[in-house]
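Two complexes are shown next, each including chain A; its partner changes from chain B in the first to chain C in the second.
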Partner chain A sequence: MTAFRLPFATALLLLAGLPLLATAALALAALLDAAAWRALWEDPHWLRALSLTLWTGLASTALAWWVSAALLAQGFVRQSLGPLLRGLPVMLATPHAALAIGLVFLLAPSGWLLRALSPWLTGFEFPPPWPTTQDPWGLGLIAALTAKEIPFLLWTAATQLQRDDLRQRWRSEHALAQTLGYSPQRAFWRVVWPQLSARLWWPLLAVLAYGLTVVDMALVIGPASPPTLAVLAWQWLQDADLAVNAQGAAAGGVLTLTLLGTALLWRGLQRLHRRGGQRLNGRRGAASTPAGAQPPVGLPASHLLLVGLYGAVLLALAVGSIAGVWPFPRVWPETLTWQAWHRVWDSRSTVGTTLGLALASAALALAWSVAWLELAPRRWDTALRPVLYLSLVLPAVLWVVGLYSLALQWRLEGQWLGLLLAHTAMVLPYVLLALSPAYLGFDARYAQLSASLGHGPWHFLWRIKWPLLRRALAASAAVGFAVSVAQYLPTLYIGAGRFSSVTTEAVNLAAGGQRSLTSAYAGLQFVLPVLAFALAAWLGAPRRFKPAHP
Partner chain B sequence: MTTFSLSRRELLLAAGTATSAAAVPSWAQPATPTWTGIEKAARGQTVYFNAWAGSETTNAYLQWVAAEVQAAYGIKLEHVKITDTADVVKRVRAEKTAGRQAGEGTVDLVWINGENFAAMKHDRLLLAPWAEALPNFQYVDTMGKPTTLNDFSVPTDGQESPWGMAQFTLFADSKRLPQPPQSMAELLALARRQPGRISYPRLPDFTGTTFVKQALLEHVADVSVLAKPPVTGDFAKVTAPLWQFLDALHPHLWRGGKQFPQSPAAIRQMMADGELLLALTFNPNEPANEIAAKRLPATVVSWQFAQGTIGNTHFVTIPYNAKAAAGAQVVANFLLSAKAQARKADIQHWGDPTVLDLAKLPAAERALFPSQPLPGQVAKPAPTLPEPHAAWVEPVEKEWTQRYL
Partner chain C sequence: MTLQVHITQLGSAQRVLLQGLRFEVPAGHILTLMGPSGSGKSSVLAAIAGTLGSVAEGAQALHAQASVRLNGEDISLRPTAQRGVGLLFQDALLFAHLTVAENLLFAVPPGPRALRMAQVQQALTEAGLQGYGERDPATLSGGQRARVALMRALLAQPKALLLDEPFSKLDTTLRDQFRAFVFEHIRARQIPAVLVTHDAADVADPDRLMVLNHAG
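Here is the complex of A and B:
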């Protein structure tokens, strides 16, 4: 096996690296059009769109980061990480677009929130003319992005905290800090958080990139005139005029530069902050609990709020999908109809396409990731990571330009295979990101032990390593599945419109405004990944040994 | 058992249509032998029909069409769901730029009209004339509905086949709006009385553009200039009254006219919720459809402005590089059949007015069409006003975008 190691790793490297690099190169090549940049510069909207992008992207990232940090601190100190993480898979699996659609149904002037308060409290007989969705300030978009990214950050942090080596070290360091007189809270912020947050740099970058460049969510709940720059770029890319397309690609370039700039800025600020934070001033902080007493157990209010929000969104989608005539301010529809679900059933090939793509791309990405982590030298891995994360970091509007050019050259546009490869390219970095902490943190002594017992490498992998990593493997596959289900731009662009997934249907219908069918598809978009995560949880559940004598 | 015999009868009917189509008058004879050849070539082909898919009734109708052409002609019809036909134009153009030859394209049939057709025709992205040779074309009401031959003042020249009719129509709940406005001027007065309760879709949405064109039509000094492309330098002068009107209207619209809903369906949902007073559509039967589907209350009425509103025809066309050009023509012919047109006009299914002249049809086929108006249908149809020439659309949209977005 050792003899094949490097050739295999090289093959894996070429298999993933070359197409990704080619895609990136083609995407960047689209930026070499001076006329397009000029046209962009002269466009009356792009500067305002860019400032909206910066505002919504940075505000949502900062909010998500702070709330996640606070939740983790409380979870770590109260030793209640388990309950904190329990609802996470459902939230994590919720596609961005579904959350946005559900939020619109809650917050709109004719939404559930105001229906519940009208007319007894508000006096409204008709929905008020309030801009509560697609608000010009991007507040709805910020709320939706924040609600969606907190679970992602919590979960990536959890993958670190679940590593045996780290967990034990951090627990003992935390305990040590307390013996030096630091309060549990302060000990977390001084000792654990600097180490944890440094490991969350790539996930954070993904959140920032997503916030700055999201299209589907912004189409549904973001500001409309002007929209964010990513939406503007997407609209230009869809124009019938080739010159306007080039302008869209240029806007994608601006987004890339924006992301680069903000990422560097963020990094710099973080470094500055850390340097300041390292200067310990000896203050221990008041002990939050009397000595010897257990810290309070329970979930923080912000976590309950988050769970409640997701529950309300799911309920809004479920009711919306069977609503017929439903005038304001009635809380419950006047008529109920299953028509939307009949329509979904009639076009079940859409669900089939979604499932097939998600299963296949998650499987491919998982197989590649396991092989890569198993075979590639660590130095290669470190070197390849930036390339692999390109699709996370490059704005999706620009990335699909590259993917589409590549698909055109390989004659894969409008083909299932092309769509599968595009999805796999999008899924791969997430799966790798999800899998590597547990996989790389696997205790090397198991291998030595297994070898010393005379077992070959395959026996070790099949009987010891992979079964022990079952949970991480299943969870990573579920992440890949969820990412694939949520893909909007690649499905639309590479699929040449021939393939519709529940996500493309939901977003297209959300623009059309028909509540019941939109809700049905958004609900499906919600349910499919949740099922995948439930399956992963079931597969990954630790073996239980029943006592022989009850 | 009942459904089986019904579908069998439908099949026989379809076969009957085919035979009667084969026995067409002498002037159509030369086309007949090639038509049999086309039907033969079409068998077994897969036709990718790129059609706007924002409405579930349309999608369901196309699923029915797919089942019918599969049974009758052995054609597999795939509905490629799109949100904007401009994407398809762009795709075909990209394919031409990439050097794709005839028979190498990804698009076989497109639901199209107006500027997209004008663009495809201008850029030579269309198959050579074929539509007027379709056996069922003889029943098209080319006299009574001249827009079946003139797509936004651009002659169709047999490069697209008429599919359905449309006319700008408004609808509202009569409980909330007992006296519907009968002109743009009355609409403005209503908006002043009830600010924030009226809107129209953001351009370049088709219905939004039509709203603006209707306003243009009602404010231009001489309507005849709109039948020709705008004369250079004249555009600002001709359209000045339009912008004056919109400037006056916008402050009283939903969200102060600073934001516009994305689509007429969004407006319809907002009207149903009570957020807006009235909704707009280009399909006169849409309100009746929605009432039948129990998504709108039965108190909703629809109307057209007393002096008339803009109307047009929508078509299907075939790109130059269609892989299944024969299959696409057979599908286009089926879409023109009395059976398909009657089902399309039936609000149970879609409710899109027919392009056919019912008087030309054999009595048995005429009987397929309903005769009584339904709740929500326009009680007093107003005259159909011709669309301005397609060349007006782009500058109007551009100017609108510049002024109001």
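Here is the complex of A and C:
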């Protein structure tokens, strides 16, 4: 096997690297249009749209980062990381658009929150004319993005914390810092967090990129006039006029530069913070608990709030999908109907497309990632990560421009195969990101041990390594599945309108007034990935042994 | 300064590791704990330092009923950070994100910066590592790392020191040197110490030797 290693790794590299690079190159080529930049510059809305983008993207990223850090600190110190992470797959699996739609149903003037308070508290007999969901300040978008990104950051941190080598070392270092007199909280912030946060740079970049360039969520819950720059770019890309399309690509270019600038700024601020010398002033921190008292156990309140929010969103979608007549301010619908679900059933090819794409792209991405991590020399892997993460960090509005040109050249636009490749390109970085820590952290001595017992490499992979990594493999596949289900732009743009998935249906319906049908699609968008994660949890569950009898 | 330990019972929900262990270590002396793997040697240290919770989680979590007195004061209910008990592990556990000097500085109690830096420099000198302050801990040799770990534990001014097989990963020559280095420092500081080891050559004081036998 070793003789084939490098050729195979090269083939894998070409297989994934070439299309990704070609897509990026074609996307960037679309930016070499001076007229488009001039048109963008003269557009009356783009500067205001850009400032909205900066505000919503940065505010949501910073909020999600801080809350995640605080939750991890609590979880680590109280040794409740397990319970903290247990509900995570469900939150992680929730597509952005479904969360946004559910939030709208909760927060809108006619939403559940106001219904619950009316008329006894507010005195409203009719929904008030408040801009609570598509508010011009982007607060709804910030709330939705933050709620969605916290689970992602927690989960990527968990993939690090679940590595045996790291967990044991950090636990020991944490204990050691306490024997030096540091309080458990401060020991976490001074010793564990600097090492953990350094490993979360790529996930953070993904969160930042997502926050700055999100389209589907911003269409549902973001400001409308003007919208964020990504939505504006998307509207221009869909225009019939080619010149306006080019202007949309240019706006995508602006988003890329914005992302680059903010990422560098964030790095700089982090470095500045590190230089501050605060870390090493020797202050031990006050004891969180007085001597003799039991330290607090259980989960922090902010975590319960997050879980509650997701629960409420899910409930709002479930009830919304079967609500018939539902006058304000009644808390419960007057009539219930399965009509929306009947209509979903009638267009079940939509669900079929979604499932087929998600299964195929997750399987492709997983197979590629395993082969790559197994075969590629570590130096290649490190050097090529930026290429593999291209679709993660390039704004989706610009990325689809490149994908579309590539699909045109390969005559794959509007075809299932083209759609599959587009989805796989989006899914791949997430699967790789999910799988790498566990796969690369696998103790190399097992391989030597297995070989010394006379087993060949395939026997080792099938009998030892992959079974031991079962949990990580299953979870990464589920992540891939969820990412594919949530795709909005590529499905619509590469599918050339010929394919619809539950996500494109849900987002398109959200603009209209059909509460029950929107809820049904958004609910489905939510249920499919959750099922995938449940399946992954079952497949990846550790082996149960008979209890020992002493 | 004297360390008095009385462990009534130590174990997990499933099994009892040891019962009725009692010892006393006067200042500047070193008690050696020996015993086969699984006899609970390291858990005794964790019970004294209050770090039992981070040794194992879930069903294997260990609990101890113990009284630990340092200089007559009962510290067994205090959190680890307030016990004043230093710990030295088998691995040096130098923080990977800090330089050698920063690792030491981390342990120095708060105060004027110049004074704290001076303490760090002195510790480096004592460890024979002048000029190594700015180095990445990963570039040090095993013996150098071990010495930094000891200096770091001592810079926090512990009132007692626990040694959890700190010599076991060093080769024989280094081992003899580092052992002498550790014992010398403990005696010079006049603090009580407890040493856990597998190796009879490590025994500091044959008069203060306890051998644990697996109770289960």
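Just so we're on the same page, the second predicted complex is superposed on the first by the 539 of 550 C-alpha atoms of A that agree within 3 Å, B and C clash if a C-alpha of one lies under 4 Å from a C-alpha of the other, contacts with A are read in each partner's own complex, and residues count from 1 in each chain.
We take it that a contact is a pair of C-beta atoms (placed from the backbone, for glycine too) under 8 Å apart; a residue touches a chain by one contact, two chains touch by 3 or more.
Since this is a predicted model, take the numbers as computed values, not measurements.
Following the overlay on chain A, a side-by-side fit with no clash is recorded for the pair chain B and chain C. Applying the stated contact rule after C-alpha superposition, one finds that A:174 touches chain C and leaves chain B untouched. Once the two complexes are laid over each other on the shared chain, residue contacts for A:191 go to chain C alone; chain B is not touched. Contacts of A:163 after superposition on the shared chain: neither chain B nor chain C is touched.
In the superposition on chain A, A:465 contacts neither chain B nor chain C.
With both structures placed on the common chain, the touch criterion links A:423 to neither chain B nor chain C.
In the superposition on chain A, A:414 makes contact with chain B only, not with chain C. The angle formed at chain A by the C-alpha centres of chain B and chain C is 170 degrees to the nearest 10.
Put simply, more of the residues of chain A are touched by B, taking chain B and chain C as the two choices. Once the two complexes are overlaid on the shared chain, A:45 sits against chain B while remaining clear of chain C.
Contact with chain B, but none with chain C, is seen for A:327 once the two complexes are overlaid on the shared chain. Once both structures are fitted on chain A, no C-alpha atom of chain B lies closer than 51 Å to one of chain C. The residues of chain A shared by its contacts with chain B and with chain C come to none at all.
Contact residues on chain A toward chain B in their complex (touch as defined above): 44-45, 109-110, 125-127, 129, 131, 134, 136, 224-226, 238-240, 242, 245, 324-328, 335, 337, 339-340, 343, 346-347, 408, 413-414, 496-498, 500, 505, 508-509, 511-517. Considering their complex, residues 14-15, 49-51, 53-54, 57-58, 77-87, 89, 91, 93, 95-98, 102, 105-111, 116, 152-153, 156, 158, 216 of chain C touch chain A.
Chain B meets chain A in the complex at residues 48, 50, 53-56, 59-60, 63, 78, 80-84, 86-91, 93-94, 98, 106, 116, 119, 196-197, 202, 254-255, 258-263, 265-270, 272-275, 293-297, 402, 405.
Note for the complex: chain A touches chain C at residues 79, 82, 169, 171-184, 187, 190-191, 194-195, 198, 280-285, 287-289, 291-292, 295, 550.
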